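Got a structure here, written out as structure tokens. Questions coming.
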């Protein structure tokens, strides 16, 4: 039996506003429990919600960025259920009339492009947190997070493999950070995915019963959880069993999904428009403002990089994973015409590598774009070899000065003068008769040895291409 | 429509209010009586009538994104039934 | 001084003929004597009140001109008052000390008013008799066997018995107007959105409005001046230019068109009430008003619509009472679910539970369109009825309640009977219009009758004008219950 996997993702992105969706309490992560839960967040008797302007703006930004319809008029609705981390006994969300409808994302898996459609995106507030460490058999509730603005982004069930699901999640993650609405910090819970997974016989058009895997907060877990779930569903069906609709959690330690106990009863959320809030209306001018203020989006930049700079799709993807990196590269490449690939290699390799090792972002790079451009020009014009350039880069990182200054000070200029190189070649040939003989006898390894010796003699500064050529000529 | 005992049990659970068998019967009777009143609405044709939630045609005012509330944990938790280490305590939440 | 109106009190305070401390003491002393029989107050705190009075006296000595400075006021125990227990007459909030002040309280405090105490009411404002209070029923000062009306029965009784010169109340389906009528005082529910609901414990969000209760139209105006006004913390609070609600009190009424809804004068209206109301209309004729018959054809539907919408909103608004962060928590529960179930079963009284269950049902899966949405459509029809009526008149007048106050316990058996008696007041809340009750005579058993005055949106000043002119021509509003002292 050939099975087709069907996956839809629901993502909750915490919007990076300063204050909460409906109150003026702070949203900063990591505060002591319940120190950022004001009267409104605690649902004290008599308190009322007032909507956060920035959060609405972020939702609009998202809607425009994914090419969705931004509803000029949308309504906040109450989703009623009881849970200790939900102080009001209802969550303010959007139901019949969300702020964004439709839209899509283009993802790439294994070199192939695919469009994943979005159903909708709506604004809602986050719940608090339950801490289950033992308080003598009780749970501790922290409501700091209660009321934080969320954008719930729902995809159509367009994904057909765990890889596609991860690609979608990563693309979405990049996008929300790119347009500045979410910091995407998954460890802190800023970006959480629920995966709706079902299987059906290949070719069938009815969907199988789906199970929902909740609260996956890493791409790795997303992949593992879906893989396990798919395997479990197929095995169950092949053994003649039935899939019951359920909400499940991923146990990362065991690598398994298991049903959540508290979600057994079918939920009746009794949605109705929140009478404490009025309909949300967006003016055309505000919409235009948001549209005009959007930066060039990752997909557009990706296409431009492959087109204008001749980069491979892979390189372009790496460079457009983060907006700051993409901007850095874009400006670097545009001041090094003809050397876009060189710039790409250096940004992807040396720069990002060093930044990652030191755990800092590109904005904090000690080597500025201009400084790196200086170094790359010297590679391009042959003043320094690629290998030596790495040494120069390290020195620049440590604040020793510009590329030019360091090359000068350390005498690292590449030797490209044929006369000088010929002298070195002569020296090496004379000093290593055994290896010369071996080379002439057909052993290529001996050639590498001789090159190595020449490099050593020139402290690595010999122009490698030229050296090789001259050595071969000399050896005959 | 006729409300059943099962309906009463279901809504009592949804509303998280414990009611015993005797109370269930009483509530059933009362709610049925109230629904007799409510059913009168069904006789009226409201096709094409827009629902009204607020009389004035006003829209939601948006609040500037500023932090205006500080830490008042001590005050708010002074009235709490059970707290420890700044957390509200409840019977174990099982997931 | 206990019989004086707010203007007279204020003049005396500002002229330093009496201090706020003395005045407050007088009322506290009267409360102490009368409250055991009337049960109008849930919470008193003489120390706190006098402390506020002392502060007010300082303001007065410094020359403040504010008309409410130093005036002691009673507040319906639905308004959060910082540092005071605020119970909503429920076991669920018994012992709940409000950590903040409602907007209404802030507005009054900042003008130097003194909190005299928190008044009794129907639990969570659900009721029309103030019998459902966890703290025992309130008694009508005119006849202690009778209810004072509800849900703002404690505030109405306090003013009627001169335990307070004025009070605050809230009105969701008639809860200011009906107790005002039954206790022979004045009460006004403003246009929806005029008084902030921040800190006013919610019953039905789209219907609730806070308002003044006092002995004269003049006093209502003074209080409303302070209570009304935009509050950024309430999304349904309206941003409008500030009004002085007493500005038109003295305007002559000639030419004013009064509409009498045919549907308010049918067989359901008791003869004694009809008689007093008709006499009041005659006074208006004598004052130069013209009277026309209008029609509010969907009056009858206002009751079912209300009893879908209000319980639905209430079922959601009261979900926060779960014993987790404040208020009552049951003892002896097996687990979390059990804690919720027992806390709410024990914390809420029967009327509240009934309405929560009703509201939960009408919102539940499959019923939303048939009930909630249908009721919102009927609501629009009711709004249209009033709009059409106001094309032919300036103010609508009629009874507040089909009967005078009934005896305590007389209607507790049948909820539907109780609900039907809200028929004249409910439509006003559904439409969001301003409504007022002023005393216009007495009915069976010597119990007071109230005249309802309904205005178009934001017509409070005109309504108060009509009431004031009536009160210059009559003296019903000056009557006080005898035999209490």
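When the chains are written out, they are named A, B and C in that same order, and each has its own residue count from 1.
Everything below uses one rule, namely that a contact is a pair of C-beta atoms (placed from the backbone, for glycine too) under 8 Å apart; a residue touches a chain by one contact, two chains touch by 3 or more.
Everything numeric in this text was worked out from a predicted model, so none of it was measured.
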Result of counting contacting C-beta pairs for A-C and A-B, higher pair: A-B
Centrality ranking, top chain (CA atoms only): B
Centroid distance [mean C-alpha coordinates] between subunit C and subunit B, Å: 23
Distance between the centres, which are taken as Cα means, of subunit B and subunit A, whole angstrom: 40
Averaged-CA centre spacing for the pair subunit C and subunit A, given as whole angstrom: 57
Of all residues in subunit B, the ones touching two or more other chains: 14, 16, 53-54, 58, 60-61, 63, 72, 76, 82, 88, 90-94
For subunit C, residues that touch 2 or more chains besides their own: 96, 99, 206, 232, 235-236, 315, 319, 322, 324-326, 336, 340, 360, 364
Set of subunit A residues in contact with two or more other chains: 39, 42, 44, 50-51, 82, 84, 141, 143, 268, 270, 275, 277-278
Subunit A residues touching subunit C - in the complex, by the definition given at the top: 39, 42-51, 78, 80, 82, 84, 87-90, 141, 143, 268, 270-272, 275-278
In the complex, subunit B residues that touch subunit A: 13-14, 16, 53-54, 58-69, 71-73, 76-77, 82, 84-95
Of subunit B, residues touching subunit C in the complex: 3, 7-8, 10-12, 14-19, 27, 30-31, 33-34, 36-42, 44, 46, 49-56, 58, 60-61, 63, 72, 75-76, 78-82, 88, 90-94
Complex contacts: residues of subunit C adjacent to subunit B: 96-97, 99, 192-193, 206, 232, 235-236, 238-239, 298, 300-301, 303-305, 307-308, 315, 319, 322-327, 329, 333, 335-342, 344-345, 348, 353-354, 356-358, 360-362, 364, 370-371, 373-381, 383, 414-416, 419-420, 431-433, 457
Footprint of subunit A on subunit C - complex, ascending: 79-80, 86, 88, 93, 96, 98-100, 102, 197-202, 204-206, 232-236, 312-313, 315-316, 318-320, 322, 324-326, 336, 340, 360, 363-365, 368, 372
